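Shared chain: chain A. Partners: chain B in the first complex, chain C in the second.
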Partner chain A sequence: MNAPLRETLGTLAALPGVRAAVAATRSDGMPAATIAAVDVDADALAAFATALFERTTLSNEAAGYGETSHLSLDAEHGRVFVTTKGDIALIVLAEPDAAAGLLRVSMQRALRAVA
Partner chain B sequence: MTKSIAPWLDTPLGEFVRQARVDLAVALEPSGRVLAQHGFTRSLDVMAICSLVAAINASATELGRQANGEPFGPLHHAGKSRQVFMAPVTVASGVVLLLAVFDDRTSLGVVRHFFGAFAGSLRGLSNEETARAPISGDFERDLGRNLAMLFGRA
Partner chain C sequence: MDADRLQAWKDEIARDAMSMAFIPLVDALRRLGRLEEARRYALRGLERHPHAAGAHDALARVLADFGDEAQAHDEWSFALRLDPSHNASLRGMGFLAYKRRDLAAAEKFLARALHANPADDGLAAALRRVRTELRGPATPATNGITRPRAPRATAAEDARQLFASLLGDADRTALLLDRDGLVLAGTYVDGSGREVADEVGAHLGGLAEEATRALRQLGLGRWDSLVVEAQHATVALAPSLEGAVVMVAAARDTQVGLVRRLLAQARQRATAWMGAAA
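For the complex of A and B:
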């Protein structure tokens, strides 16, 4: 993992409630770099989060809503956030009470730093 | 529809195909003998693919031994519209090779994830459960019989 990417993921992972920060390739769902809690399957997170993002992108295009840039999914026990630029996807897995606004802004900033 | 000559592969392969959303899948022995297939409509295609996969596996295994000290693991090739994923699984009775062909309805990450589940379910089977008919010594006859069974001509 190169230093800027490690620093970027480290910044995201240090935010309150974040359990994993992953940089992955959007097209094939493979993780390029990961900072995660030990019980998080980062490979699965990267695979499913990017697949979900791709499906959402297609749905939004079909509905005429244009390009998708950010995805937020809330579940009973956690939240997943995905933001992309080109073939880079940043994925954050967080606790249910994590601050979505702060995470979204931080992810956009992080993406600008690495893309 | 998944068809096999090894009933213990029916459920794991069917689940893999459904969950990973691959178009085509073949499970075979390293010798090239087909064990199960999903998505193929012509026996000739399966025969050709099994021969190619067996050859690729033999090359990658030996190349891995020489360059890496042990056989190489999964292999992935991406084409313009379709991709292939090939990987071995060690089961109680030997090695099973899986080849999956997929397009942009899924991704390598998803296919790899569900391959892990497929491999895990096979590793949990006993030697008796994964026992196969022995190769008779006449490879072509074995291959022809297996293909006939898979395509409903036996």
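For the complex of A and C:
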């Protein structure tokens, strides 16, 4: 993992409620760098999050909504956020009560730093 | 209109027969009610610029002012063949469709025009008015679900209109897909007014099951909602009964919180509708 990417993921992982921050290749869902709690399966998270993002991207293209930039999924025990640029996807797994607005802004800033 | 300005355009055309100054000149003459003169300049301009969408549009406007809607329609149609995104011609076609009460066509043309020029508030207002009329007034139904009054109360039309009264007159759309991505209810139109529900559904078939499986593996439990931000829209999805998915989309400037609220209402309505249909 290169230093700027590690630093960026570290910044995201330090936000309140964040359990994992992953940088992955958008096209194949393979993690390039991960900072995660021990109980988080980062590979599965990256694969699922990028696949979901691709599906919704195709759906949005079919609807003529243009480029998809951000996804957030709320589940019973956590929230998943994805933001992408080019072939880079940043993925964050957070607690259900994590502040979505703060995470969204932080992820966009982080993406600008690494993309 | 300043007479000097009119004369300046006329002088320019006299100096240069190929000048495009006839377009603002025709428009100004129309506004002054000098329709015959406007028509002469429009025809002369069109002779010199037969492949300019703006020239056909200029003549179409004059024809529409004369009440010759069939000829105006032909000119605007021709302009759109030359330039499918020609804004003024899309508006013109929308206007003609509205006048003959073909609201679906009016919505289609105005939506395409707005897509090409999203900052046009007047156009947005016209589109809202058409959509409101298209949906009809909301009336409470016997099962507690509010529905628009449909001209033909068929089951299929009821399904299409399931979310209409929730969506209001803004640029929003909603859809209910079954586990395979097939459309159960609602409509989904793109920025140009084209129905894209089947295409959207095709990409989302099996999403609920896939999400459920993956989230279980990640120890995150059931999924509750998904919000996706795209360039022109915010889209929100939620699981419904039997692996179905409810989708709501709203223009990008709609607050995400409002989209979530709409999603919750659409989900509730979908659940009631599926329960009643079972």
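The criterion applied here is as follows: the second predicted complex is superposed on the first by the 115 of 115 C-alpha atoms of A that agree within 3 Å, B and C clash if a C-alpha of one lies under 4 Å from a C-alpha of the other, contacts with A are read in each partner's own complex, and residues count from 1 in each chain.
To be clear about the criterion, a residue touches a chain if its C-beta (ideal position, glycine included) is under 8 Å from a C-beta of that chain, and two chains touch if they have at least 3 such contacts.
In this text the structure is predicted, and so the values were computed from the model without any measurement.
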(message) Clash or fit: chain B against chain C, after overlaying the two structures on chain A?
(response) fit
(message) Can you report the vertex angle at chain A, computed from the C-alpha centres of the three chains with chain B and chain C as the arms, to the nearest 10 degrees?
(response) 100
(message) With both complexes overlaid on chain A, does A:A110 touch chain B (first), chain C (second), both or neither?
(response) neither
(request) Applying the touch criterion given at the start, work out whether A:A44 contacts chain B, chain C, both or neither, answering first, second, both or neither. (result) both
(request) Figure out whether A:H70 sits in contact with chain B (first) or chain C (second), or with both, or with neither. (result) second
(request) State whether A:L90 touches chain B only (first), chain C only (second), both chains, or neither. (result) neither
(message) Going by the contact rule set out at the top, does A:A62 touch chain B (first), chain C (second), both, or neither?
(response) second
(request) Using the superposition on chain A described above, determine whether A:G29 touches chain B (first), chain C (second), both, or neither. (result) first
(request) Name the contact category of A:A21: first (chain B only), second (chain C only), both, or neither. (result) neither
(request) Identify which of chain B and chain C touches the larger number of residues of chain A. (result) C
(message) Quick check: superposed on A, how many Å separate the nearest Cα atoms of chain B and chain C?
(response) 8
(request) Would you please give the residues of chain A that touch chain B in one complex and also touch chain C in the other complex? (result) 44, 48, 51
(request) State the interface residues of chain C toward chain A in the complex, per the touch definition above. (result) 115, 188, 190-192, 194, 196, 199-200, 202-204, 207, 210-211, 214-215, 217-233, 235, 237, 249
(message) Under the stated contact criterion, what part of chain A meets chain C in this complex?
(response) 39-41, 44-45, 48, 51-52, 55-56, 58-60, 62-78, 80, 93
(request) Over in the complex, which chain B residues touch chain A? Could you list them? (result) 78, 104, 106-110, 112-113
(request) In the complex, go through chain A and note every residue touching chain B. (result) 24, 27-31, 43-44, 46-48, 50-51, 54
